[in-house]
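Sending over a structure as structure tokens; questions will come in a sec.
The first chain written gets the first letter, and so on, giving A, B, C and D; residue counts start at 1 in each chain.
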Amino acid sequence: MLRDPLLPLPARISERIDETADTVTFHFELLDETERNAFRYLPGQFGEISAFGEGESTFVIAGDPARPERLTVTTKRVGAHTEALHHLYAGAIIGFRGPYGKAFPVAEWKGKDIVIAGGGIGLAPLKPIICHVLNQRADYGRLTIVYGARSPGDLMYAADREIWAKAFNTELVVTVDKGDANWKGREGFVPAVLRATAPKADNAVAITCGPPIMIKLTLPVFKELGFPAERIFTTLEMKMKCGLGQCGRCNIGPFYVCKDGPVFSVAQLQQLPQEF
Amino acid sequence: MNQSLRENVKRLFAEGKVKSVLGYREHPLSKAVVATLITRPEDADTLIFDYRCVQNLARGLTRDLPLPVGIVVKGCDGRAVSMRITEGDFAREQIVAIAVACPGVKADGKTFDERCQRCEMHVSPLADVTVGDVSALPKPEKTRAETIAKIKAMTPAERFEFWQKAFEPCTHCYACREVCPLCNCVVCVTDQNAPRWIEQTAKPSSNLMWHMIRAFHHAGRCVDCGECQRACPEGVPMHLLDLCLAEDVEELFDFETGVKQGGKWPFLLFNPEDPDSWLGGPHRG
Amino acid sequence: MADGMKISREALQTALSKRGAIFAPNDVGRWTAVESLPELGPIRPRRPVKDLFTPPRREIARWKAGAGPAEIEPAKPDETPGSVFGVRPCDARALLLLDRAFVQAPYVDPHYKARRDNLLLIGLACQPGPNCYCGVFGFGPDDKDAVDLMLTPKTDGFVAQAGSTRGQAFLATVVTVAVPVPAPRPGPRPEWWTGLPDPKTLYANFDHPMWRELGTSCMNCGVCTQYCPTCQCFTIDDESFKGEIQRLRIVDNCQRSDFTRMAGGHNPRQVAASRLRQRVLHKFSYIPTQNPGLVGCTGCGRCVELCPLDRHLFADVFEIMKRINQEAERVA
Amino acid sequence: MSENFQPRIVGFLCNWCSYAGADLAGTSRLKVPANLRVVRVPCSGRINPLFIFKALEEGADGVMVSGCHPGDCHYISGNRYAKRKLAVIRRLLDWVGVEPERIHFTWLSASEGARYAVEVGEFVDKVRALGRRNPMARQGVAS
């Protein structure tokens, strides 16, 4: 008998990390043995998380694709559903549907340098790329990560960042818009810090995610550094409900962000009507 | 009527009193009467006014129109515009009311609408320009009290049954909200989910909740233009509930909605002498 | 002259009730189970037949608050055989469009598929009304391609033509008399209609100022979308009452101001005219681009008939194409 | 419904007067029926009609709202606006067919503990006399 694709799979939260005041990372595992072992996903794919009784929302799977049995999502408290999610702790049952969407074309990037510019919670969709690159380090060239957040308290993935800082042929630059008393790192917006870091553009790919204003100011910097539009990637945020390309909500022109995205190159975005 | 309406609009353009005019025109293809926004004097020749102009244009007034904007208004539409000005949507000088002498409109094309049969104000209280013969306007054939008499006579149980049956067909398409000139909340209570006051799916409880809170939010504001009931694809008589409340508001607060310009919504004011008997039941002091 | 099978109302009634439940429109135009075949009017009822296949409120799963994973009860698709009497060609063709969305791999909606597989569609020819436009899409009031059995009403029963192998098999089980059937009548269309717009041209004029002018006379009340047989959009939400929780698939409406409003408040289609454009482009540009030969409309005319502001979908499409072509000629 | 019908009553008591009055009734060990579930609100002016409609929809058989006497309001005019709002809420509930006995709006000062106990007792008896659940109450998720 056909299984309803809208039916969530039960999963148990194994670990909860309060990254910032309003952002929480959940590590969870699918309860069903066979589903857990068969589950695979690629960087950039997303899933629908359910806090039972409050509905569902869309989150990118922000874990390490090489360990698919341990799923991860980073959620910011912005509405009723995320509020309900943030009341849950390790051991609680949530629902999961996925993986959905087209992934970042990591296979095509083999042999290229990777430049990543993330802002605030925008680092979540980029983390699987970094994990993938570090797992297959030899396949990729220089990895440059520029990560910015509003304040030191808003910086996420502290543990992961320590690993990235020490990784081979990898440059990690962390900045904050405004530091506080004991902040000794850089201060400045991501676009400015990116221009200062000046990663080389030839044979390199750029990926950026973050609040719309940051994307708007970062793309020109990438162009300035010589990155062509088809080698700059981002992932779009649209309201999604089904994730299957059926509920008709997340379209930009004839393309469904959940099915034909959420990953788009800037070249593709330029052809789309500016309705996102 | 059409001729003098067009001349007046052209004069308003010529005198620079308006930058755009919201009115009715007969659609060249579908032959139906639709709203139109004209910004050039020569387009005024498409403007018409007759019994087919059932729609209330006050909802179409948005801030991004070239201001000052002229608007062709019937009696009820004019009250709606007056209420919107009272509530601060527009400044008085941004609106030029082109009041037409409206004998009544016919949504079905044959008989006067029920709302027009009891209309006591055929010309808009807000009138910068008046078009048409104001003297030969029909007297109301029935009153609001008669319309709600049969509900008033029912016992509570009968009334509850009546409304359960009346709201049953509602599919929550919210056309009644979208065509109402005074339904202008940024986020409607139906779209709020923290807490979820009114559930999205059609069922007896959410239907009743929606129509009750809708009626409450129009108490003392509804200008009785009847567009909500006319727009409903399922013919739900929700405007009846507004009329019931309007009767009470006028009796309690002596406030006729949309008539006096600048009057405040009864809930934005209070009167120390408001009697305690309003609360019902035995009270001291 | 094709051959039809003369069949009496009683014979059809018994044959259908042997099969299972019979659904038909009631007096207020809603599809409900009926005991006997009702007398139907000349044209389609107010609610489209899609209500039987994608109901406005369809359960996905239910559970008790605080329940463990085991207590999640998925809703079971309804596989009971039955039949739908009085399906008009425009509603039936709309189901073919919904099949494209809900029955194509890799994501099949089992509830929709179960109803589609188990409900026999018994079509009924129409006497086209003032707001019928099936002719615009190349079929007419007698079209039998999307139904299992197309009935043409006669004084003492019907003349039936099979529209599918399933219909043919069903017809064979009923005693009938062969009768010649006239050729199908052409469908009505507006006299000023010159033809379907080119999907690419419409999409290319996404930012044309005409969309805003069309938006002036539309209040986005959404009645057209609420009653459109080809509209597939839905939302997913939980409803609960005293610890009993249901996850629901709820039919939604793209004209709603919060259809694309995100948690942070960002709303790509905030402006009313952009939602009118989304509706027109989805039907006349996006669906034809992704499915050549299909158009997201079957000309049932409910949107024209029920629009409280008397707007006309085909007049909108015609006017914007005329403006585009005029400007193209002036440039050329 | 026999006399052992125990109505469920929701009471919205304004924090400064009526809640204090209810507290006083409790500390002076007056007999107050347990049917009343109290929701404390900053002022009777805070009452949104949805509070009352939602309470009735979720199964309350009676709703009571009590604020400060006119003139005693901690926020000067909160209860005066409330009087107008509650007047229209009462009329609307009446038009919709909720029996008037299910609704009780009153003013109670912080010192009127005794009167609080009496009024709540009378109100509960009145609702019990109706002998049936409030018709607006939902029966399940789909009703």
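We take it that contacts are C-beta pairs under 8 Å (C-beta built on N, C-alpha and C of every residue); 3 or more make two chains touch, one makes a residue touch a chain.
Just so you know, these numbers come straight off a predicted model, no measurement behind them.
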Contact-richer chain pair (by C-beta pairs counted) among A-C and C-D: A-C
For chain A paired with chain D, centre-to-centre distance based on mean C-alpha positions, whole Å: 50
Chain A and chain C: spacing of chain centres that average the CA atoms, whole Å: 38
Chain centre separation in whole Å, for chain D relative to chain C (CA means): 49
Chain B and chain D, separation of their C-alpha mean positions in angstrom: 34
Per-residue overlap in chain D, given as positions that touch at least 2 other chains: 138, 142
Multi-partner residues of chain C (at least 2 other chains): 57, 235, 237, 239-240, 245, 261
Residues of chain A engaged with two or more neighbouring chains: 55, 79
Chain contact graph, described as a line, ring, star, complete graph or other shape: other
Pairs of chains, among all present, that meet the touch criterion: A-B, A-C, B-C, B-D, C-D
Interface residues, chain C side, partner chain D - complex: 57, 62, 239-242, 244-246
Of chain A, residues touching chain C in the complex: 1-8, 10, 12, 31, 50, 52-57, 78-79, 82, 93, 212, 237-239, 241-242, 244-254, 273, 275-276
Residue ranges of chain B in contact with chain D within the complex: 151, 154, 156-163, 189, 197, 203-205, 208-209, 212-213, 215-216, 219-220, 241, 244-245, 248-249, 252-253, 266-267, 270, 272, 274, 276, 278-281, 283, 285
Chain C partner contacts - residues on chain D that touch it in the complex: 58, 138, 140-142
Of all residues in chain A, those that touch chain B in their complex: 55, 79-80, 83
